[in-house]
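Two complexes follow with subunit A in common, the first pairing it with subunit B and the second with subunit C.
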Partner chain A sequence: MNKLIQNEMMKLIAKKRLIVIALIIGVLVMLFTYAQYKQVQTQREKLGTSDWRTILQQQIVDTTNRLSSSRMQDEWKKQLQISLKQQQYYLDHDINPAEPGAPTFMRVFLESSIDLFIPLMVMVIASDLVSSEHSLGSIKLLLTRPVKRWKVLLSKYITLCLAISLIIAISGILSYLISGAVFGFKGWGAPILTGFNVTESGLNTSAVKLMSMWRFLLMDFGLVWFVAIVVGSLSFMLSVLIRSTAAGMGVMLAALISGAILTNMVSSWESAKYLFMVNLRLTDYMKGTAPPIEGMNLSFSIIVLFVWWAAALFVSFFVFTKKDVY
Partner chain B sequence: MEKKITLAVKNLKKVIGKKEIIKGLTFDLREGEVFGFLGPNGAGKTTTIRMLVGLIKPTSGSIHICGYNLDEHFQEAMMSLGCIVENPELYPYLSGYNNLLHFARMLDGISGERIKEVTELVGLTERIHDKVKTYSLGMRQRLGIAQALLGRPKVLILDEPTNGLDPAGIREMREFIRFLAEDEGLSVLVSSHLLSEIQLLCDRVAIISKGTIIRTDTVQQLLANRERVVWRISPFEKGKQVLSSLTPMEEKEDGTILTEFDEEKIPEWNKQLVEAGVSVIEMNRKMPVLEDLFLELTGGDSIE
Partner chain C sequence: MNKNVIRSITVIAVLFCLLWLIGLGSAVGEYYAGKPAKVPETNTVSKKVENKKGLTIVALGDSLTRGTGDETGKGYVGMLLDEIKEKSKRPAQLTNLGINGQTSNQLRKQVQQTEVGRQIQKADIVLVTIGGNDLFRGGQGLTDFKTKEIAAIEKKYLDNLKFTFEQIRKNNREANVFFIGLYNPFIDLDQGKEMSKVVRHWNYDSAEVSAAFPKIIFVPTFDLFELKVSDYLYADKFHPNTKGYRLIAERVASLLTW
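Presenting the complex of A and B:
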């Protein structure tokens, strides 16, 4: 099995796909970094030259005063306490809250690329993993070895998973390094609010808590990885089913884009929540954004994606081992 | 001495949709023989070969390679098999060596030594580290053979091995295949739609048409008494009388006469004609061609 994976890796590297993907990610991150830099500059101009530390100090005093008032509701009090903690952290660690460091940039980058950009990059690799062997004709050589077909396919799938992990690692590292060079590398311990729950009665903040940036990022990365694996498996299935790489890519691209569009307009079509493409924005649940359809939450989306993933794998292996090759 | 059977095919059938593509093929391959699979395009050669190498699942029937049933013991059976199906489509973006390495990794116990060995055998040592996309068709074909020989197979299956090669390449390939069979003791199955090629290359031939084997025989047997002589004579009527008294003959529409070819009798017939005052304008030995053989064997059915 190891040798088979080695083979697939050799082909993947020889095709130079990973390098192209790394380049695309690098260029995009640079673009975003520049955009963010511009934004920070405008903000700084607006605020004038006054020292941000003084302003933050003032804000903390304000908050503390308000907290000491006895007429305040418990709910509201909790919120204030959280933002106080946040402000205190920024002051203690000498971080300007308006000028985030590399970790914040990474987080924003991940969150905005989870439903389209990362899946697109994954697709570049997954969609021709099997179909290229067909269009090249090398499938005939590959399947006439004393190796069972499911092993051949499994080696390809494992290679895909490795490549996906690599893509996500590359986007993490590149976005950290490039944005860090501009905004500084600090901010790993910065507290982030999480645990919002959007329910029928409105925003439920009872479970809100502070989480340090590195833990939050770790969870974000985990979710992005999971989404990438699901999307990768689906394109992998299409690659098995459709012999033309271009057609497979087209179908997957259409699904992804329709997902992005649907998210904005399906709030009244409830059963749309079982489509995989409206469930891709897992990181939104962490931030506490309202889900596109009522009744969706993190575990629901994960289960839906998991079912799609399992079905894709089953179909891939079933078809690949049974299909006649012409 | 009866040689060992390396590939045994029994009553092989393939139904696609409602159409029976292959209608029950039975044949054996023996050690050290080159077996030709002859038929026009669309006769079912490629489908059969794809079933033999495990790319297509037969609807019924059995394939045994060195005693192992292909369906039940895929791995063991495939260990003794090397093949090229149609063109050897190797990875153009990898070097020749990496292509071989790729396929060596899919076999058990193939060392770098063996890769070197087969590279030398097919004469690619100098270019083996170049990318395959820079290879000529002949070189790709040779790399394809190298790839097929990696696992020291007992049975070699080649689908149209001379397709797209120039005359020198065809000759080289032919000699190489003969060498493999005679000196290395491989059983080689070769498919082709060219009779001339099969004739020079094979020991035995199966003629296949519309999914059935019409005849399996040695090349000598198959071609025996099938060479013809075309006569163009003047005056026609008189010559015809003379010839028909000597041998069975056939009158063609274009004013020629067809008789069988018999090296011993031809000069005698010629002499008789001349003595009867008939001038022989043209006397042409006609090599048997697949089409004639076919029309004869299939009783004039058209080739689909």
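Presenting the complex of A and C:
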């Protein structure tokens, strides 16, 4: 088994995919860093201050004014009310919700890349793990060895999990280094609030607790990793089922993008919450924003994703061990 | 390909895998952890004065402060800011805390907020507009302005105004406070004359309240809108338009000293 995994790792590294992914992440992080830098600057110019309390107070007043507009969808209104209450809570407790520095940038980067960007990077590796063996014809060589088929597949799957761990680590390290060069490397100990509870009546702040940034980030990373593993397993399954890598990627891509669109409009279609792609934004639960469908919470989303993950693995192994290879 | 490289990459990947697993575990654990650690309450306004460059202006009040009706979105506050920047050749910072539809009662609550207090504390100039929503109540004021009710509303309003000024003065003894008076947007209507009487009465009482405090200046606007009111009103026939705001801004600008 060890040898098999090493063999798979060797193939993965020889393909230089990880380097490509690291490059993509690096370029994107640079773009985001610059965009963020610009945003901070224009804000400073507009308000004539860099005092975060003033900026936050101004944001609160602006949101209040937007809320007073009558032409506003109820959904959107509720979202705004929740974020308003949260901002006021931060202000009342004298805690900066966006302490400047690389750790905050990492947090924002993770939170916004969890449902599309990181899964896409994972797909680059996962979607042709099996199907490329078909197209290259090397599957026959692999399967003629005196090794059980499920072992071959398992070694591939373990390699995938390791690669995903590396991708998450790469995105963390790169975003820290690149944004740190602009915003400074400090801020690991900055306080952050978590435990906001979104209920039907609005925001419940009774369970809010104070946490250090590094712990919050570790938790965020764990959630991103879990999402990446689930998405990776699903595209792994497709790579077993569909011989063409492009077709498998297309299916997965369509699912991910539909998820991003659906989260904006499914609030009235309740059974949509069992789809995996609406459950990808796990970090939002830590931050305390309203879920796309009422009644969703962290454990619900994790269970849904877990079921999808288990089903994907079952199908992959079942099909791979039974399939005729020619 | 070197075997050791592959082995070390694998080991690193395994370590990260474990780290992320710990993260996931603590996320789930933390989300359902029973008792939250107490979040420290801070109600003290930090006395630390930041190094200020130039003037600081804080605007409080209702939609007039917000600039509703002005196509440029500035309102009299924004126009005033531009003028100050131009004339004094110094940078000026504006914090606009105006909220559409705010009544004196809501303003009373707003000035009690810690952060709002801190903003007032560092201000050089405070601008206030309030009372329009108390008196007119989105047009309802047109029908019941003669009844006894209006007297009760006014009493409440004056009380709130006094409290607001007290709060401002408590936070900041030095700043010049400009309180912008009411105008009568309905002056051209049938009952405009009688309505004007009520507005003048409110303005008089507001000026009296202002006069009780040092450096709180009542700025009348009633006369600005007395002739040709429709020229200076926005399409909603209630808020000033760009021209109307310019009139107010010019009047306040003429009172500024530095």
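By our rule, the second predicted complex is superposed on the first by the 272 of 326 C-alpha atoms of A that agree within 3 Å, B and C clash if a C-alpha of one lies under 4 Å from a C-alpha of the other, contacts with A are read in each partner's own complex, and residues count from 1 in each chain.
Definition applied: a residue touches a chain if its C-beta (ideal position, glycine included) is under 8 Å from a C-beta of that chain, and two chains touch if they have at least 3 such contacts.
Keep in mind that what you see is a predicted model, and the values were worked out from it rather than measured.
Peer 1: Would you check which partner chain A:A14 touches, where first means subunit B only, second means subunit C only, and both and neither mean what they say?
Peer 2: both
Peer 1: Kindly classify A:Y326 by the partners it touches after superposition: subunit B alone (first), subunit C alone (second), both, or neither?
Peer 2: Only subunit B; A:Y326 stays clear of subunit C.
Peer 1: Return first, second, both or neither, reflecting whether A:S70 touches subunit B, subunit C, both chains, or no partner chain.
Peer 2: In the superposition, A:S70 contacts neither subunit B nor subunit C.
Peer 1: Considering only touches as defined above, state whether A:Q6 meets subunit B (first), subunit C (second), both or neither.
Peer 2: both
Peer 1: Hey, is it subunit B or subunit C that touches more of subunit A?
Peer 2: The partner making contact with more of subunit A's residues is C.
Peer 1: With both complexes overlaid on chain A, does A:M286 touch subunit B (first), subunit C (second), both or neither?
Peer 2: Only subunit C; A:M286 stays clear of subunit B.
Peer 1: Name the contact category of A:P146: first (subunit B only), second (subunit C only), both, or neither.
Peer 2: Touch status of A:P146: first partner only.
Peer 1: Determine, under the contact definition given at the top, whether A:S138 touches first (subunit B), second (subunit C), both, or neither.
Peer 2: In the superposed model, A:S138 contacts subunit B only, not subunit C.
Peer 1: In the superposed arrangement, what residues of subunit A touch both subunit B and subunit C?
Peer 2: 6, 10, 14
Peer 1: For the complex, which residues does subunit C have touching subunit A?
Peer 2: 1, 3, 5-7, 9-10, 12-14, 16-17, 19-28, 30-32, 36-37, 39-42, 46, 50, 54, 66, 91-101, 114-116, 118-119
Peer 1: Spell out the residues on subunit A that touch subunit C in their complex, using ranges where they run on.
Peer 2: Subunit A residues touching subunit C: 5-6, 9-10, 13-14, 47-49, 51, 53-54, 56-58, 61, 64-65, 68, 91-94, 161-163, 165-166, 168-169, 193-195, 207-211, 215, 218-226, 282, 285-286, 298-299, 302.
Peer 1: Mind listing the subunit A positions that touch subunit B in their complex?
Peer 2: Per the touch definition, subunit A meets subunit B at residues 3-4, 6-7, 10-11, 14-15, 136-138, 140-148, 322, 324-326.
Peer 1: In the complex, go through subunit B and note every residue touching subunit A.
Peer 2: Residues 50, 53-57, 74-79, 81, 83, 85-94, 98, 101-103, 105-108, 147, 151.
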